[in-house]
Every structure is written in structure tokens, then in C-alpha cells.
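What follows is a group of structures, each given as C-alpha cells.
Shared between the two complexes below is chain A, which pairs with chain B and chain C, respectively.
Showing the complex of A and B:
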């Protein structure tokens, strides 16, 4: 009986504890389905509220609608959910790199609600980032429920992300690539399979529930060799627009932060501005999937100059929405701006060379989208695969790759960090796996110190110390006060050599006369980076660690190198 | 075999905190037994070879202890070696020869070889350290000896030993050791004694075996190594 029990126990351990692939695939597909459902829910509610509010758009007072939405949204985030504004993707990336993907359960719905309020009322923002936040929080909480470790939790966070993106665009591969390229930042064999399955699950959920409302139904395009040259030009244009978009977004946010207005006033100002722009150009309002659809299908009816201004209007409206208190992402605005750019480019091409036999306006809208996604998010693969999946074929792959690579390279040259990463880099929280910053943040002082040290009293006679020296292999002796045991200083053998070789000194001095009290000390709370900087500046090879006036141990460069190497091996090798 | 966090931290030479963090981050193959983390050696070995990490498991989980060299105090070495009086001879080689013949702890078959080595050492640099004392010893260690010995030989008449201070030598301390570490230790202990002027004066009285050992024991107490 016990043999059978043991057999099953062993089997369980082998299947789920020691080899977690099966577990991750099952949990990942659940995460994918859940985040797919979240995405579908947001989509459906956005559709219905936009439908509901549509009749009021013609009235003159309609411009306050986005203001009310932004106000409610920022009020909800500030007072009820108590989460910072913004789109949430940097938070997910930071959590993945620093806290093993730990996210609050609250995050799985709070951004959905706030972005619903923002976008539903007409604010120019994307629902993707909130859905990504929600999906990754769902994945993280599934992992928490199952008691999984950091690595497995990160995979599930990726699964949630992939499911969300896959579901909202009905594009499983784009979802998977986005999760790995942007959120996780490492292509690992063990991650890819669960994430791919989650992405397919998410896409299937949206396909099953809202088959008619899939944003991009597969649209075949005829793109020929003649389009290569124009696509080079388009790439340059999209790179410029990407950089402009990123800069405007950041600057507007900075201005809003500088102004000492309360959050509700900011939301009202931002929302009203968007509303006023929207009165003249409805294309800038909301997430803009409908405009994208009409641009791709070639039924977009605006003139060249109007579209040209719409590009900048959309950029400004998005910046005002996101920077001044609204909640949402930049993915959908990127797509709208990209397709607008594509349309402008095509229209101008037609004006300049009327008989040029290039592809349709819709194809250029798609290329423009790729350019913007690659440029702003610096996620070229996501851009390529999204469009490939939308068009349902590889006919467009060559111009796509041209646009994507040129656009991402150019905007990388001007703006080295993508929109998602820039915030993290500024806060010093950009810790991609296998990087120096990541390893230093993982190793803390407590793990590195050597604690086995003989301490000496400050009242010890030097001769006694010399006796001690004969039997010890320590190079550093912490000196402590007799009664209180407090750290007083340190004796470094190399520093006292000339006294140690002079027997005449032996009975003349006490240790507190020859100890070094000016040695820089570290505490357990210090970051390893700080400690290393201190050591570098002072040319030290080791440094005492003192906590609450007590000597805890020594930290040395030799030991750091040793453990740094191990950590590097641990982080960079496959699991 | 199962290992605990503590065992593994000793094996890998990292802190327990590090092991716990690796477990939390999912980098080690681990399973739970009750509330404690346990590691399976077989799984760990597989993991280590996949990760190119060197991992040695002995049956004992503790690290190999440093081999504790049996350091014996000088007084014991003198007890091993013995004290000999009235060594005849009128130059370095002859007193060395006479002494070696007297020291009973040296196996008969090695005596000529040892003498050659001692003479060779004296030719290189005299071991007369001054104050009428010399410390003859071979350069190579003598693996045939079971334990280190210090034999004290009082000469019948002082001999010119080419000592550092040109004084003629009347006492020889033979240091014969099976291992270098003991040799250095005894040399250090002996030179400490010989720095003591009272001890030098005491030696001039040609004390007997028991008195000499006792005197060395007293000096040792002030200089524990």
C-alpha cells in the first residue's frame, strides 16, 4: 500500500515539482484564457459605451465628456484603487525583473476600470496596456495560488500578457512575441511553450465570443516589388513620427507633473483639451480601432491635409490624455498614428507620382503601423508579426521588415530607450536578466559578507595581538569596545607591518592606538552597487560591514567576484 | 541522498540566504518535506552538469577539514631526542659524527646518510647561531623518522664552528624532523628560547635531561605557539 502511495508521490514530484513543464502549460493556458476574457470584457464594454455616447457627440458640450471620464478614472485610481496613473507596462516589467513577477490581485481589474472610464468617454488611449497589466496580474496570482517560484511566476505573467494581446488583436503570435520581447526580455525555451499556448488560448477566447468584432479580420494585400522603395521612405517618416510621439508624450507628462494642480484639475484640463480636438477631428477620440479598420480597408474619407494634421492631433490628444491623468496604453494610439502616417504617405506619393503602381492605401496604413510599433516600443518583431497575422500571409513580409528595422534602428539612434523602458531606466529599475544591474540587485550584502572573524578588544596590548597573529590567518581584525561590544575600528595587517616587525613596540601600545578608525564601512542596507562604488573610490579591497554599531562581517572583492560569477552562471544558463 | 539548505550552502560555498533566494527564484531543483526545503543529490548533479557548475558530493556533507598537523611542543621534541654529554671531537665534522653515533633514535642504517647531509648543510652556511650554540639540521626532511626530535649534545671541548659571532661552539641542538612544517615550528620555538640570556647561562651549566626539559617547559608557557 505504502509502495503505491510512494509511487504516486514520486510521480507527482517528478511531474510537477522537479519538472514543471506540464504544470506551466496547464496553468499558462488558464492564465491565457482568463486574460483573454478580461480583454474581451474591456472590448465589449468599450464598444457599448462608445455606442451609447455616440448620439451626444454632436452637441457642443460634448467636449467635456473626456474630461468627466478622465476625472472619474483618475479619482478611481487615486482614491479607490490607490494605484499610480500611467499605463502599467513599466510596472509589469519592473516587477518581472525585480520581484519575480509579483503583482497585486487588485491590478487585475483596477486598470481595466480606469481605462474603461478614460477611453469610453473618448480619451485618446489604448486598451492594450491595461489588458496586459490585468493579464499579467492574473498570471501572477495564479502562480501565487499554486505556490510557484519566481521563475515559474514570470512565465505565467508572460502567459497572461500573451493571452491579453493575442485576444485583443486576434493575433496569437504577436501576443507571444510581445510578451517575450517587451515584458520578459529573454528568449528561453521553457518560457516559449507555455506562452505560445496561452497566446493561442487567448486568441481563441476572443474568436469564440466576439467573432464579428475581431479588429483585424484577415485581409490579403497585394504588395509588389515596386513598394520596396516607397517603404524605405515611409520607414524614415515613421521613425521621425515615433520620436516625435515619444518626446511629446514625455514632455506633456513632465509639464503636468510640474504644475502644482491637484489631480482632478489636471484630469479636467487634459480631458477637455482632448474633447475640443475631438470636436473637429473625431478620429483622435478613443482607442480608434474603427478608424484603423476603415483606413486598412481603404474607406477612409479624409483629405490629405486633414489626415496630415490628424497625425499631430492624435499625438497631442494621446499625450494630453495619458500625461494629464487619464489611464490607458499607447499601443492603439501607435497603431492609429501609424496608419494615419501611412495614409498620408500614400496620398502624398499619389500626388507626386500619380502613375506609380504601388499597393493600396490600406497596405501603407499597415506598414505605417509597423513603423510606429517598432519605433515607439522598439519592439520590431511584435510590429512585424502583428501585421503578418493581420494580413494573414507573408506577401508583405519584405516591406514590413524593411520598415520595421529601419524605423526601430533610427528611433533607437535618436532615442536609445523605448517608451516602455525609458521610465525604468530613469529610475534605475531597468534590470533585464543577465545584465550587471540585475545581478547586483539580486546579490545583497548579507549574502556576501564573511562573518567568521576573531574580534579583538581595543584595550588589548600589542604583544598579545602579535601572539594572536601567529595562529591566525586573518588579514583584518575588527576592534570592539570592551563593555558595549561596539565596533571601534579595524586593524589591517598590511597597515601595521612596521609596528609588527619592531619588538620594541610590543609592550608600548594598545590596539586602540594603532587601529584604523577612518575606514569606510558599509551597512547591511546598502546596495551592492553603492558598496562597490565606495570601494572603488577609496581603493579598498575589502570593507567592514557594521550594523547598529556592531561589526557583522567583512565584504571583499574576491568574495564578490566569486559570487558574482556564480550568479551570472545561474541567471544566464537555461533552466 | 537528501540535503538541507544548510548542507547545500556549505557545499556550494554560498550563504544560506543565497540558497533560499535561488529556491525562491526557481533556480534549483528542490522539493519540500514538511516545511523544509530539501535537495536531492541526484537531481542536483543533473542540474549542475546542465549548468556547468562544479559540484562535489562526498558522503560526509561537511567540507574536508584542514589536515591538522600534529604540532608538538619543543619540550616533547627534546624528550624524544634526548640529551647527550661529553661529545668528543675537535672540528665540525668530527663532533657531528660523534653526536650522530650517540643519538639513539636515529636508525643505524641512515646514520651515514644523515651525517653527509648535515656536513653538506654546514658547508652551505654554518648553523652556529652565536653564544656558543649551533643548530645542525639537514635541508631535506627525514621521512623515516616517526616523530620530530631535538637532541641536545654538550661537547667535551668547544669547537670552532665558523659561527656568526666567531665564538666557539659547545652545545649542539639537532633538529631532525619528518616534515617541514614541524621543522619550522621547532626552529622558531628553539630560537625563542635561545634569545633568553638566562637560558644560555643555564645551558653553560650542562644541565641534565630532566632539568633541561623542565626549563624549556617554563619558557614555552610564556610563548605559546
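Showing the complex of A and C:
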């Protein structure tokens, strides 16, 4: 038995440990397939439940459906899955930034169920963030099962994300770009191949199970040079709407958190509000793919006035769904709001300049979607590739690039952090690889401390200290109390010169009379950034580290720089 | 020594008992207890290869207004300076990350299941996962505060058992209490175990700190457990095998803790102990 075990161990080592690319490709494909399956499962179940509930939407009481869905969803998340709230993508980014992509196993299914309940009942949210969460957790847990290291685990998290997005939209390139641009934040050779393969695997799984799946039918768009100028205008408008959407989402969530209402009451209020809005404007309900399809194909029947209000209604409904207890993502709402914005823009253009020979309303809906995705996520490439892939609209690539780049740049100018990153930045947890903050956070204060220090007693007579100096090259001497061994202060060689030059003082002075007790100290609980800030403020090159009144060691800028360089090299190298 | 023990404070009479246990443990080995008073019913611990979410039962959130005061009173009673842990990072708004940079963690037998108050023969799945992944020893307390006056190490010869022996020696050194070693002769004879500790360089400290080594035949497992003094801290290594083996063969750790009510100090497979 042990021989067989050893054989497989050796085989595994020879195959994978010398070069982990093959391992990452195989494990990444598995992650892509599994996350693809999760995405397909959510999509099919959502389609079924939306179809099942559709006949009931005409009744007056139907407004309670989203409330019931949100209630069940929040109850499931709070009491059964016991997940922390949130739509998931920031949690994945946080995990990648701070914990080497470690994610809980329960995250691989919990958001799928909760978002099914929310969106299936009519809540205004998208299924993409839950499948991203699920795919990432699948990748992370595959890495855990295989005992992979942090770097490899992060790659598999990216693979899971790419597989999930590729599967739900049948868009492998968008999946890959989203994983790298938004989740990992670094374009590294070692990441790209496994993630690309995982994305293709996810899309293929989706294609195999639902062969005729096309989210949005491709229609030929006649986009010409005349559309470039209006595209610029649309980009500005989508940037404004993106910023508004982000702010409303965040503010609504904050209000809900501040309220003293229990989670179930919040869910009922949020869901009922969405239900009531949905009775007058059904376009706000659920993920909204059907509305998008009709806008792209130019068959959207609402007039300018109603479409204009629908933009704000959808923003508000999404904020009430996600902020007040529902579960889901903002991807699909972005697409709906974007296409509505595009339609409004086109209709207004037609009102103002009726003879203007621009492209169809559907083309502007596409451009609006790109503008919103790029503006809200501040991920221009994801915006471009997603829209191109899901609509097959390669004819619109030039205006897509124009709208995407201007919208993401403008919204970045107004609101420097995207919706996904804002909360993490506020908490100081948005740490991209290779950045100063990330490197400092990855260095553990314990490994930076120099502990080989001779400590001196506070009752030591100065002559004895001078004798000690002759055999030591320390510049700092921690002073401790005899009985308790507690840290009392520090003797800095530079500060005792006047005593050292006066032999008459040698037998008259004790160390507790000349030690410096006001030196700022660090503790093991401090982050390295905090320690560096304290050093800068106090113009110190070294600082004592004291824990529970005991001297632990010294931390110096020289040592920090050494380890900083080592960490930087490690994070920016390909392996 | 500057060791720190993390205690998840439960503001109930049962929690008081376990907290007293932690305080006594720290006082005895000159470590510093740090109490965490949970504000939500769950938290996350990120280990090197796993993220363990601990779902606390509702008793951990009992009367939050008085929790800190009660904890401080107990600190004072034991003449220990109160120290409290505040999470710095949050994975989600209601999910704090608890640092794993501690030297010990005190756990009741189960943190997520109220039946642990009365049930003995069960170690909760979360406590098991923490033991499996932690780099520090886990103190599993007896249900009622019981000061321990000696240390008993269960030494079976494995890597974890060697860690447990080192830990036992370390605690004996810092506490001044006597150390007893108990070994069940399963596959090897006495000389094997004696040679093993010689090879590991532990023979000398064992000779200095330990009373005669107690060996038992395989069939005398229960007798060995009954011979352990009731007021002794039992130090043992978790065997670290998987759930299937546990179900088929049973877990020795559970067998031990269901028979004896002593405090247990458990070293997991990733735990490293230096003398």
C-alpha cells in the first residue's frame, strides 16, 4: 500500500512540482468546469422560477414576491449559511489581497442559493457576482485540497472566476479579462494561460448543457463615423449615471446598516419597495435580460419619458434590493441601466436632431451598457469584451472603445474608486500585488524584529555600563526592571555622550537616571505601515518593540528595507 | 517568555468557568491572556491553508453590556492585567478576522453547539479544524474550573506526540509542576520510546523534569486514563487523520476526552514547539 502511495507521490512531484504550469492548467480547467456548472445551474434555475412566477405578476399582491424572496434570501444567509452579508466580489478581492485567495467552502454554494431566492422572486440584481463568488471559492478549495501555495491558489481563484463569468455569459474572453482586470489586478504570464483555459472550459460546459444559449441575439448594427461624436456625449452621460449608481448603492446600504431594524424587516421593506416599483415598471424586476434584448433589437416599447424614469427606477430598485437584504450582483443591473441610458440618449438625439443619420437605438443600447460596466467597475477592457462577445457586435468596436475609455476615465476622475474597490479602500484593505501597501502588509512584524539585544538593568551603575559598551556594538540598550523584567526605557549611545566623557560621573549615575523613557515603542499588534508612520513622525531609524511591558526587540528601517526588497522581488517575479 | 493566549469570552456561568481556566493556565505558565468579546456570532480565522469560520452559539452574545465588566472582574480576581482583543480586519461587515498570531488558544469542547455544556464525548467540528490547521496549541478546558497541579503527557511516539512532549516539558519548566509521561505500548516496546526521545535530544530534560515513565499494554488504555490524576493538565498530540479513519476507527482524542474531564492541551499537525 505504501509503495503505491510513494509511487503516486513521486509521480506527482515529478510531474507538477518541478514546474507548476501543468498543474495549474489541469487544476484551473477543473475549477473552470466546476464553476461553469455552478453558473449554468443558477441560470437554469433562475429561468425556471422566473417563468413559473411570471403568470402571477399581473396580480395586485405580486409586489410581495420580491419581499418574500429577499426575506428567504437574508434568512438563509444569516441563519443557515451564516455568511457575512455582501454581494461577494469585494470579499474575493479582499481574500486575494490579504489571505492568498483563501475562501470558505460554504461560499461555493451559499450565494448561489441566496441570489436564486432574491432574483427568482423579482429582486433587482444580477447572478454574476454570486457565480464569481462561487467559482472563486471552488478554485480556492481545489487549491486547498491539492495543498497549493498562495500564488497558485490565487491563480485558481482567477480560474474559478473566469470560468463562472465565461459560463454565465458564454463569453470566455470577457471571463478571462474580468478575472485578471478586476479580481487579480495583475497581468502575469503564469496566470494568463490557466485562466484562459479555465474560461474556455467554463464556456464549453455552458455550451454543452445549453447548446442554443444566446443571451442576446446578434443583430447587425450600422455604425458609421457620424456616431463618434454622439458616442462622446453618451460616454459622458454613462459616466454620470455610473457615479450616481455607485453613490446610491452605497448610501442606501449605509442607511440600511444604520437602521436598528432586524435583518428580516429590512429585507421585507427592500423587497416590497422593489415589488411596488416593479408593478409600474416591470423593467426593474429581476436580472432584466429580456428587457435588454428588446432594447438591443429596437423593440422596446416605452416612450422617452418612461425610459428616462426607468433609469432612475432601476438604480433605486437595485439599491433597495442589494442594500436592504437581498443577494446578488450589480453586473446585470449595470447592463440594464446602461442599455436604458443608451436608449434615452438615442431618443433624445432623435428629438433634438430628427434628421441625424446615426445608428439604431439597439446600437446605442450596446454602447450604453459598455459605458455603465466600464464606469461602475472602472474596468474598461471587461466592458468592451463583454459587450462585444455577448452581442457579437464587432461592428461597434470603435465607438465601444471610445465610450468605455471615456466613461471609465471620467467616473474615475469623479469617484476614484470603483464600486467593488471603494469599501476595501476605505478599510485600507485594497492591496494590489507589487504595491507599497501590499508589500508592507505581507511583511510580518515578527520577522522584522532583531531580538539579539543585550538588556541592562535600571539599577546598573554607569561604570558597569561603560565596561559593557567596550564589548558591544549596540547603539541602543533596552533598560528593564530587575524583578519584573518589565521594560522601562532605552539608553541611546548618542544621548549619553556627556556622561561618558566625564569619568567623575561613572560611579554617581545609575541607568534609570539617564535612560530615555519617552521613546515611542511599537507592539506586535501594529501593522508595519503604522510602525513606519510612527518612525517618520518621530524621526527615528529604529524603534523598540514592547509587548505586555516586556522588551521584544528592535525594529529598524534598514531591516525593513532589506525584507521589503526581498518581498518586492518575490511579488513581481513570474514564479 | 512573552506568550499570549486568546480566549473567546462567553458571558455565561459556563463561560466564566472556561475563562477562569484560561486565566489560571496563563498565570501558571507566565503567559498573557487576551480576551475577545464577540460582537457578532461568527468570526474567521485564516490559517496558512484554510479559512475556518467559527459560528458561535448564541450564548457567546449574552448580555453584551456586561460582558467586558465580567471579564475584567475575573482578570482582577486572578490579579492579571486585563487585555482585550479587537479585530482589525473584516472579511464582511459582520465577519471579523481573528488573528492567528497567538501562542495558545482556549476553546471549549465545542464552540458552535450548546450541547457541549452537558455533553462530554464530543469535540466539535470547528474545534477539530482549528486543531488541524493551527500553528499553536489549543487548550480545551474542563467544563468546571479545576486548577491543575501536574502535567501528564500522552506520548505515542509520533511527530505530534514529540511536539506534545516538548510542550509538556516547556510547561513543566515554567510552572514548576511535575511532569508524568504515559505511553501505550501499541506496536513497539519501551526501549523504542526511550531511544526515540534520546534521538530527539529530549532524554536529559525528561530525566530532570519527569517522574518515572508509565508504560501500559495496549489493552490497558482505559486503565491508563484512570491512572491520570484528576487535577493534571493532559498534553497530547492530535493524530491528524481524516474523517473517514475517524468514523471507522474512532478518534483517540475523543476517546480520551470523553473519559477524563481534565484540561487538555492539544498540539495539531502544524503546531511547532521549541524548547
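Basically, the second predicted complex is superposed on the first by the 552 of 575 C-alpha atoms of A that agree within 3 Å, B and C clash if a C-alpha of one lies under 4 Å from a C-alpha of the other, contacts with A are read in each partner's own complex, and residues count from 1 in each chain.
Keep in mind that, in the parts below, a residue touches a chain if its C-beta (ideal position, glycine included) is under 8 Å from a C-beta of that chain, and two chains touch if they have at least 3 such contacts.
Owing to the predicted nature of the structure, the values given are computational and were not obtained by experimental measurement.
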Which of chain B and chain C A:570 touches, first, second, both or neither: first
Which superposed partner A:471 touches (first chain B, second chain C, both, neither): first
Partner chain in contact with A:550 - chain B first, chain C second, else both or neither: second
Partner chain(s) touched by A:151 [first = chain B, second = chain C, both, neither]: first
First (chain B), second (chain C), both or neither touched by A:446: both
Partner chain in contact with A:104 - chain B first, chain C second, else both or neither: second
Which superposed partner A:95 touches (first chain B, second chain C, both, neither): second
Common interface residues of chain A - those touching chain B in one complex and chain C in the other: 444, 446
Interface residues, chain C side, partner chain A - complex: 2, 4, 32, 41-42, 44, 46, 49-51, 53, 55, 81, 83, 88-95, 101
Contacting residues of chain A [partner chain C, same complex]: 82-86, 91, 94-95, 98-99, 102-104, 106, 144, 147, 257, 427, 429, 444, 446, 524, 527, 547-548, 550, 552
Sites on chain B touched by chain A in the complex: 12-15, 17-18, 21-27, 29-32, 40, 43, 50-53, 224-225
Residue ranges of chain A in contact with chain B within the complex: 13, 17-18, 100, 148-152, 442-444, 446-448, 467, 470-471, 562-563, 566, 569-570, 573-575
